[in-house]
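Below you'll find a set of structures to go through.
Each of the two complexes below includes chain A, the first together with chain B, the second together with chain C.
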Partner chain A sequence: MTYAVRSATVRFGPAVALDDVTVEVPGGSVVAVVGGDGAGKSTLLRALAGEVSLDAGTVEAPPRQRLGYLPASSGSWAALTVTQNIDFVAGIYGLASDELAARRAELLDRAALTPAAGRLAAQLSGGMRRKLGFVMAIVHRPALLILDEPTTGIDPVSRIDLWRLVSEAAASGAAVLMSTTYLDEAERAGHLVVLDRGRVLVQGPYDRVRADFAGDITQASQPVRAEWAWRRGRVRHEYWPGGVPSTPSTPPGLPPGTTAVEPDLEDIVIALSLARRNTVPS
Partner chain B sequence: MTDTLLRATHVTRRFGAFTAVDDVSMQLQPGEVAGLLGANGAGKTTLIRMLLGLIAVTSGRVDLLGGPPDRERRRRLGYVPQGLGLYGDLTVRENLSFSARAYGTAVPALPSGLTEHADVLVRELPLGAQRQVAFLAALAHSPGVIVLDEPTSGVDALARAALWDTIRAQAERGAGVLVTTHYMQEAQQCDRLLLMSDGRLVAEGSEADIIGSTTAVAVRTADWARAFAALAAAGAPVMLAGRAIRVANADPAGLAEVLKAAGIQASLQPVPATISERMLMLSRPAKAS
Partner chain C sequence: MIVKEFRELVRDRRTLAMLIVMPLLLLVIFGYAANFYVSSVKTAVVGPQASQVVAMLPSFFDVTVTEPGGTQADARTLLRDNTVDVAFVTGKTPVPALVDGSNLFAAQSAVAALNKAGDQVKTQVLYNPGLKTSWVMVPAIIGLILTFIGTIITSIGMVRERESGTLEQLAVMPIRPSRVILGKIAPYFLVAALDMIIVTVLGILLFSVPFNGNPLAFALGAAIFLFVVLGLGVFISTISQTVGQAIQTAFFFLLPQILLSGMIFPLEAMAAGVRWIGYLLPLTYFTMISQGIMLRGAPIASLWLPFVVLTVMAVVVFTGATLRFRRDLAPGRPARPARPAHGPAAATEPAAAGGQANTAGTA
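Entry: the complex of A and B
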């Protein structure tokens, strides 16, 4: 089963939060939406979750009881214990007695939250609270799982735990759409979607995004065209959308010391953002 | 020796019976951007607070700009916390005037991207612009030592590149910059990394130095979903990487046995670990799966 938003446009007053965005989320896979503050990530996720209505386009999502959604806010009740939080949500989906006890024990164990079962959500660390939110989103075995920045602001070890939980959900057949501000996480997903100011800058499996990237990137201490250059460590990288005249290790016509680089995802996202800024008036 | 901007020598800090920072020695030179990494509870924040003179050391010694981190030396420090330390209810211009008065320096000129926002309340700005304002406020007095806590988290790639330009310009004029982070995209922008675990400094150097010879196991199989389920059920810390599976913290022979028992054909290959995986291994010593 594949879920999707197609040609989706969402406006908030004069602001266009999503502009003709199409994203498909097949069962058994993780689709990661990456972008900065204001890129439209949350709006895209909320559109698929049915939390925001479209001005144009269509949504293909399962019925609500087959959908799990972790909002960017905590997703749990601070004054309830871990167990109470899970039981409350499970009750909404009709899970009870032995079935609930078994499911709760399994999820607590997988999320390494068993020792914290009796603790108030307010007393959990940020990473534990995100894991609790995840457990609550998945307790009813949803077919579509939507996670809004599950790993933002938490420590790297909890991030790895969360990625394992997300991967397990996909391995058991769920369609997972998650947002992140971290490119290394997007790289890890089967399919990544880069959003920039409400539009899809590029999407696909990382290998294909990289293979399809057109143009060349060079590095030097002084770039030739400042508006096409950005900082990487001690040097600057520069994008040549049409390619440099030729691409030996020192391209002719460029200052000495300029070398071609193999772009990573950070380079590709910056280059495509610059191409958009430098060619489309905003 | 005299060039060193910031130096910790065998610094330890205890809170009751708990040792938060354990015998850490490190230094920061002019012109360098150093990254301090570590999981939560590794001791990063306590170390920073001692380096800034906000809490006392239990033993050891901190030298900031040639002496103890007292009030006078702290004037030559620039610090941008994760929460940015701006007043949301003041405009960009008002925030900058306030911090300039506090440091006794001139109000910094706004760069081109911020001029249109001069009279906008800070809380109404996008996060990338808020971060630029926080940098301006903290850097207007040309501090010798700059400490930044996750300086670029949450912003888009272009805003991140612009923030790194600002950070690098500070290093190029001779400041020493210490960035605390647990994000790889920030760590990779630093000249040198320091990795803390359980209060101790456990590795120092380039990304390659930090990773050292530690490896993860890449599992390639046609039946990734079943392989994943089998490995997860056996308690291995499995992760998805596209359609491949990575296991950060396990012995390949043990994994091979789990897969064989489940009747799954797979190839297992040791691959260099990532920095996050190295951190996971430090905080959770390998267990047989």
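Entry: the complex of A and C
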């Protein structure tokens, strides 16, 4: 089962939030959407969830009964307990009595929330509250699970817990589309989509994205072209879309004081964003 | 810092409105509406010598009904139905003058004027013999409490859902927007109804306010009024992104109702330019109903006008507000059942009506 948005364009007034975007989410896999602020990540997720109307394109998604959604906010009702939150959502999806009790116990256990079952959502830590939101999103075993930055702002241990839950959901057959600002998370996904200002810069499995990446990345204390450079730790990385050029004064190879680096996903995302911004006027 | 503050202020239109509109509003209200002096009272003169008595009455008594064949019972009916504030029953000496005490300020002015007539007139105040302020305020306060719960508390509750992002979550769940709206509103409706009962009973017990009319008619009026104010609350929630904004906006709706509904300042004493605002406010009509039923024992038939106006307001405001809220709740849902989308997912699992598979044309 594959769900998708195809050739999707979404405009908010004069602003184009999504511009001819096509993303497929196959069942049993995790698709991670990455990009900077205003890249269109949430709009893409909300379009697939039916929360945003398309100006052009199509959406292929399951009925609401088979859709799970964790918004970028807490995703739970602060004045309800953990159990009440789960029961409320489960009730909407038609789960009741023994089936609900068994499912609730299973999910609370997997999310390590059993000791907090009687606590108000407002009293939970950020990580616990996100895990509760995740549990509420999968309580009905959705075919398509949409997670809007599920791990943003939570501690590393909770991130690991959440990733385990996401992986388990995908392993059970759900198609998972999630946005994230953590590129190490995106590398783990089976398929990643890099968005920039509403357009797909690149997408595919991480290994293929990396293999298809054209050009060179160098590092130096001072970049040759500031508009193609960014800071990584104590040094600056620089992108050469056509490869490092050779000039009459410098032999083929790297400019003085620079060394080549093997690009990671962060380099690739920034390099592709710079390539678009330096060639396409905003 | 000062420049920054001004820049923020200019962009915060609601606060700006409070700073500019509110002083103007208060100036206008207190300048034109804050008047306890009633310059004339609607008067009926019944009985065989009605014409002669009408000729003798000073201009303060604005005679709107003259019935030579009328009796004291007819006079009481005119007062009960709020057709007039004062009724003279001619044919006896001294002439009985019946005064509607539920219209406090008119009654006070009328009694003062009648006292000048000495032994020629025998004054009898009906419905509020002691001319107690609490007797006319308690029925109005009931409406104010319903307004408070309906607008401020309801809008806060609904905006909180939006602010916390859970409204977005509800929007993608397989639950009809009408059920979401019903679920959000029903508790406030019930709490407001409970509050109304408590305040009414306490008003009766603590202030000896009478309840002369039909409780069912009162409940019906309160229910219709609740739909109006709940509709206002829902409407406020649709134009507010935060709880703070909702409270600010609700304040704009609440303040005129307190000052211009006739609860504090008599409508008939207001300048015509301000009085019409009072006639646009739902609390004005609920106060007519609550005072009419509780104090005068008026039947629905004699209160048809406020009932009809409130019903029209309820239909317009509640329907409009819930439609706006529904639009916010389901912006991406197709208005018509979605066409089956092309593709492998849709081919094996077509979207249900109101479901997710849609195209730009139907979204």
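FYI, the second predicted complex is superposed on the first by the 271 of 282 C-alpha atoms of A that agree within 3 Å, B and C clash if a C-alpha of one lies under 4 Å from a C-alpha of the other, contacts with A are read in each partner's own complex, and residues count from 1 in each chain.
We adopt the following convention: contacts are C-beta pairs under 8 Å (C-beta built on N, C-alpha and C of every residue); 3 or more make two chains touch, one makes a residue touch a chain.
Keep in mind that what you see is a predicted model, and the values were worked out from it rather than measured.
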Report task. Considering only touches as defined above, state whether A:156 meets chain B (first), chain C (second), both or neither. Result -> first
Requested in this report: Would you check which partner chain A:220 touches, where first means chain B only, second means chain C only, and both and neither mean what they say?
Outcome: neither
Query raised in the report: Between chain B (first) and chain C (second), which does A:124 come into contact with in this model arrangement: first, second, both, or neither?
Result: neither
Query raised in the report: So, A:95: does it touch chain B (first), chain C (second), both, or neither?
Result: neither
Report task. Based on the superposed arrangement, let me know which partner A:5 touches: chain B (first), chain C (second), both, or neither? Result -> neither
Query raised in the report: So, A:76: does it touch chain B (first), chain C (second), both, or neither?
Result: second
Report task. State whether A:270 touches chain B only (first), chain C only (second), both chains, or neither. Result -> first
Query raised in the report: Which residues of chain C touch chain A in their complex?
Result: 164-166, 168-169, 171-175, 331-333, 341-346, 348-349, 351-352, 354-360, 363
**Report entry** chain C partner contacts - residues on chain A that touch it in the complex
**Finding:** 1-4, 6, 9, 46-67, 69-78, 89, 92-93, 136, 143
Query - Complex interface listing, chain B residues touching chain A - result: 39-41, 126-128, 153-161, 164-165, 168, 182-185, 188-191, 224-225, 228-229, 232, 237-243, 248, 274, 276-277, 279-280, 283-284
Query raised in the report: Which of the residues in chain A come into contact with chain B in the complex?
Result: 28, 30, 35-39, 110, 125-127, 152-160, 163-164, 166-168, 170-173, 181-184, 188-190, 196, 205-207, 230-234, 266, 269-270, 273-274, 277
